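Look for chain A in each of the two complexes below; its partner is chain B in the first and chain C in the second.
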Partner chain A sequence: MSPSEAVTVGPRLRTKRYPLALFRSELHLVFGRARSWALLGVLAAVPILIGSAIRFAGGGGDAEGFLGQVAGNGFFLIVASLALSLPFFLPTAVTVMSGESLAGEASLGTFRNLLTAPAGRSRLLAAKMVSLALFCLAATMTIWISGLIVGFVLFPVGDVLLLSGTTVSLGDGLLRALGIAVLIAASLLGLAGIGLFVSSLTSTPLAAMAATFGTFVVLGILSAIPQIDVIHPWLLMYGWLSFADLMRDPPYWDAIGRNLLLQAGYLAVFYAAAWARITSRDING
Partner chain B sequence: MVADATPNLPDITAQELLAKVQTAKVDGLSGTVRSSADLGLPVIPGLQGGEGGGNQITDLLSGEHTARVAFAAPDKARVSVLDQMAERVWTTDGKTAWAYSSSDREAVKLTLPAHQSQPEAAKPESYDPQAVAKQFLDAIDPTTKVEVSGTEEVAGRDAYKLRLVPKTDQTTVGSVTLAVDSKTWVPLEVTVMPRTGNDPAIQVGFSSVSFGVPAASTFAFTPPKGVKVTEEKVPARKTPAQPPKTLKPEKPVKPSGDRPTLIGEGWATVVALKGVKATGNGPLDQLLANARTVQGSWGKGKIITSKMVSALITDDGRVLVGLVTPDTLVAAAPKAPR
Partner chain C sequence: MSTLSEPPVVTHGLTKRFRGGQVAVNAIDLEVPAGSVFGFLGPNGSGKTTTIRMLLGLIAPTAGSVELLGESMPKAQLRVLPRVGALVEGPAFYPFWSGQANLLRFDAADRTADPRTRKARAGEALERVGLSNAARKKVRAYSLGMRQRLAIAVALMQRRELLVLDEPTNGLDPQGTREVRHLLRELAADGTTIFTSTHLLAEVEQVCTHAAVMSLGRLVRQSTVADLRAELRPRLVVRTPDLGQAAETLKSLGVTDLKTTAETVEGDAGELPIEKFAAALVAADVRIHGFGLERPSLEEAFVALTGEGFDVAQ
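This part shows the complex of A and B:
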């Protein structure tokens, strides 16, 4: 697409000797693009939107949950923004990035170079996955930082009221919010794994994104049907809201751990599938 | 909840076990309680997920809940129900009781009269297995077969299983099993099985428990800044908020203005209410429209049945509910006061 991407092919050919170079070029691919920055920019805008809406439209503390606490304590803008981005914005960003990852290379023709070195395929996939995970973290951290800045600028800030009715210091609260950002990033890994697999099936990035997002929507619909609650605990987003358990006193770890295990399970299955696909793929694929 | 391990414990008779249970005394405990209820109530999407709001009864009678409980003898107790992104807390240190809901950030404070501390302490406890089990123990009479049906591991502790099986076939209850800790004799888990099917209708039990006395600060509640506090005079013998009570498997019924009448005995007890307005609620109307119509000398009505609960709603506003078969309800209908 741009000359800078063609340049990345150079270091890639030497990956056998410099495994770190492969990873570095992957990172460059993920974070060196305007598209990634646009996605992160949208995420950074979420706290700004929510914050200004509450500040200037003059919302009282009527709303339930974290959102209702924003006006009284800017700290909650971080948590509320993270919570509100989780159902849609974050999955969209992850879908775009993961759908692009392998299919993007295929459509550019750079894939062929990579696949000519069979020993490097597994490593290539690992580098792709690690950069995707880092993107997930960058995405939630963007919201954390933006929420922090906007929250402190627009609202009074003070001690943090936990769900259990106890109050902790702002520093403790910020640490918990940081934990929430990390947890939500980890919650997105299952979806990233699905995206990586779908991306290995096609050479059209747009098709990969659409298919990944379609899968996400279908899982979401299944989650909303009460009659099939038997399968709900195994759906990707079942434990997504468990991050709020960090806001209890003391934090409740059971559901968080379960969610992380589920994400790890999804990731393992789809990563293995992507690996099987990419190592057996023929060069013209 | 994990029942795969069957620990080796010395034999014990049901009578010995019952005696031990009734004299069980702990100075304090804390742990996590999980409850899951599947009464086979009809699934009405519109009525579900009403978090914090209106329908706490259907909320607690369906699905799964997790609560942290703590207790210290004689009168300190705390229950916090961990909802999704919210928490409901009931706590008492013997002098003051607090109810706090994180979703609407409101707290209710109750000052308890000093002499009343003992009976009041049982209030939030009804959520934990102890109280639920006790209710069943009180109800044991010749209508019930009681046996020690083995051992199991609950919350990492070795426990005896005490099984109560109703002798009558008028009830929908298949069996009630208590898992009793073999060291402290505290009931750790209650499982109610329906007469048909293999899945528990109600299961309330510790998923983790420790028998240390929790720190006094556990039961203290300081109303946080920005939280609306309502102070209430002690309504004698009234609970600040009633949700955990509804876990009582015996009468899952909303008492209305009139005093309910009890018909029948033991497991086949039917609760009769009168003057209930059962219409005007969309989903309920729909449910009733599809329900079976029965009639007799007592009049005409609709029968709603589920795995556990049956209800007969007559055209003149009487409601009969029980953990009984529909036939038992119809038989009890003539005795229900108008």
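This part shows the complex of A and C:
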């Protein structure tokens, strides 16, 4: 800088605030990375895998439920793919992203740059959570879109026969499938909250991912032990299958509502724990 | 108006005790004058980086207080830190992003930073540190020196009143080091207060107006560089093959703290009239190869203060 450009140092009148810039930047970080696209790519491959298997292996099997209807109506590929991704692929993707969220910044050392910027610890945590929630939605929407395309290419499509026995138009069905995608994304929020909290504890993303996935597996095992069914309604995945109730006419909202409440509870508890941790943590990395 | 007379960095009894019980920083009282280039010196492990982390609110002090630009830290950090440029413990970036993208990200984290001027400011900052040509390269491909420059560019994204830089010339080649020092002088000339930690005494001698010396978590000295240097009393050095004779003569003339090396006899001549010494030595048949006053370097002062060289403090 030449001396002529020199300005006396004083308080600059930067009175305007742009609090959302960090959130945009966070989305850029999540969706501007090859790894995220790889994860979404894997999810997009689920309908392709299921669709090709059913289309080219012949319809000899006696699959039940949504899967059994795919050959007759490509629409069901969307719902079947979402349902089949829920126990493993989607939680894995959410585990990777949430485990990475804070621990990734800590391991790169970028945490200190963000805090001295200053991002503000609470705001940074909020930005991380919002971007995680949007990733969950992007994940289920990816399956929805891929299922739609593959289903329409490989199979005949038509009116949709609901679980309650009534038939609705394809457009109505697609809207319901969209609703299912949103519900499943919301079902992943509890796990995302756990991942965010675990990620706030460590500077090693891989450890955070492993611990989050371990927690998920333990909750899954507990869900499978009938002797302790008294605690089952409080376990993370108890209401995960409630999305199917959207495929009734009229939809059953009870289980759906209870699941959303449970996810909100998990999210609130673990988000609060992450907040307590992150606002008091010494950033030595 | 935050006036220029108010010291931008003040600490009182600042202490950090780590969970293991180790006291990394022990009750230090820093006062960095406005407009100064303040060298924060100390061997590795003396508590410099821990102090800097406390100044910036990254870690909480066990005891004591920090005031940055007149406001209490870390309480006022969201108000204060936009006016402070910082580089803490080496450069840290997203390796999968370009240098420019990294700058934009950290600038976006500051809610007072105008998004409309963000790209232009990033361009300027990159130019000032000589990285314009590498702006779009991924940081993964940067050398350590380039990362160090990029870290300085982060601090230069806005006009700052205070720069807190932890070893800013670390990893730079001699040319890069010169450039960064030149940049610091320019910034200081604009009125920016610069607080820079270093273990390079040459750096302090070349750019700093003030210095503080840390040793084992304690602040052992804090003054202007000129004062620090003035305190180093020049020593009388006589180069001669007749060591014993020379030492005896000097002693008889009142020189104290005599030391004999392989080729020289040195001592503290105090206020004695040394112009008469040469004649006295010659009269005593001492062959003189060299004779004069030598001012110790800042490095020797540093060793005297910390009781050690650059070894890691335990």
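Observations, loosely collected:
The definition used in the following text is that the second predicted complex is superposed on the first by the 260 of 285 C-alpha atoms of A that agree within 3 Å, B and C clash if a C-alpha of one lies under 4 Å from a C-alpha of the other, contacts with A are read in each partner's own complex, and residues count from 1 in each chain.
One rule holds for everything that comes next: a residue touches a chain if its C-beta (ideal position, glycine included) is under 8 Å from a C-beta of that chain, and two chains touch if they have at least 3 such contacts.
Quantities reported herein were computed from a predicted structural model and do not represent experimental measurements.
By the touch criterion defined above, A:167 lies against chain B but remains apart from chain C after alignment on the C-alpha atoms of chain A.
Contacts of A:120 after superposition: chain C is touched, whereas chain B is not reached.
When the two complexes are overlaid on their common chain A, residue A:42 makes contact with neither chain B nor chain C.
After superposition on the shared chain, chain A has more residues touched by C, the comparison being chain B against chain C. In the superposition on chain A, A:29 makes contact with chain C only, not with chain B. In the superposition on chain A, A:108 makes contact with chain C only, not with chain B.
Contacts of A:280 after superposition on the shared chain: chain C is touched, whereas chain B is not. Contact residues on chain C toward chain A in their complex (touch as defined above): 1-2, 4, 53, 56-60, 77-78, 81-84, 86, 88-90, 92-97, 104-115, 128, 154, 158-159, 161, 186-187, 189-192. Of all residues in chain A, those touching chain B in their complex are 61, 64-66, 68-69, 72-73, 83, 158-159, 161, 163-167, 226-227, 229, 241, 244-245, 248, 252, 254-255. Chain A contributes residues 1, 3, 6-12, 14, 16-19, 21-22, 24-25, 28-29, 32-34, 108-110, 112-120, 123-124, 280, 282-284 to its touches with chain C in the complex.
By the touch criterion given at the top, residues 32, 43, 45, 48, 52, 63, 66, 68, 80, 82, 84-87, 89, 98, 100, 102-105, 107, 207, 221-227 of chain B touch chain A in their complex.
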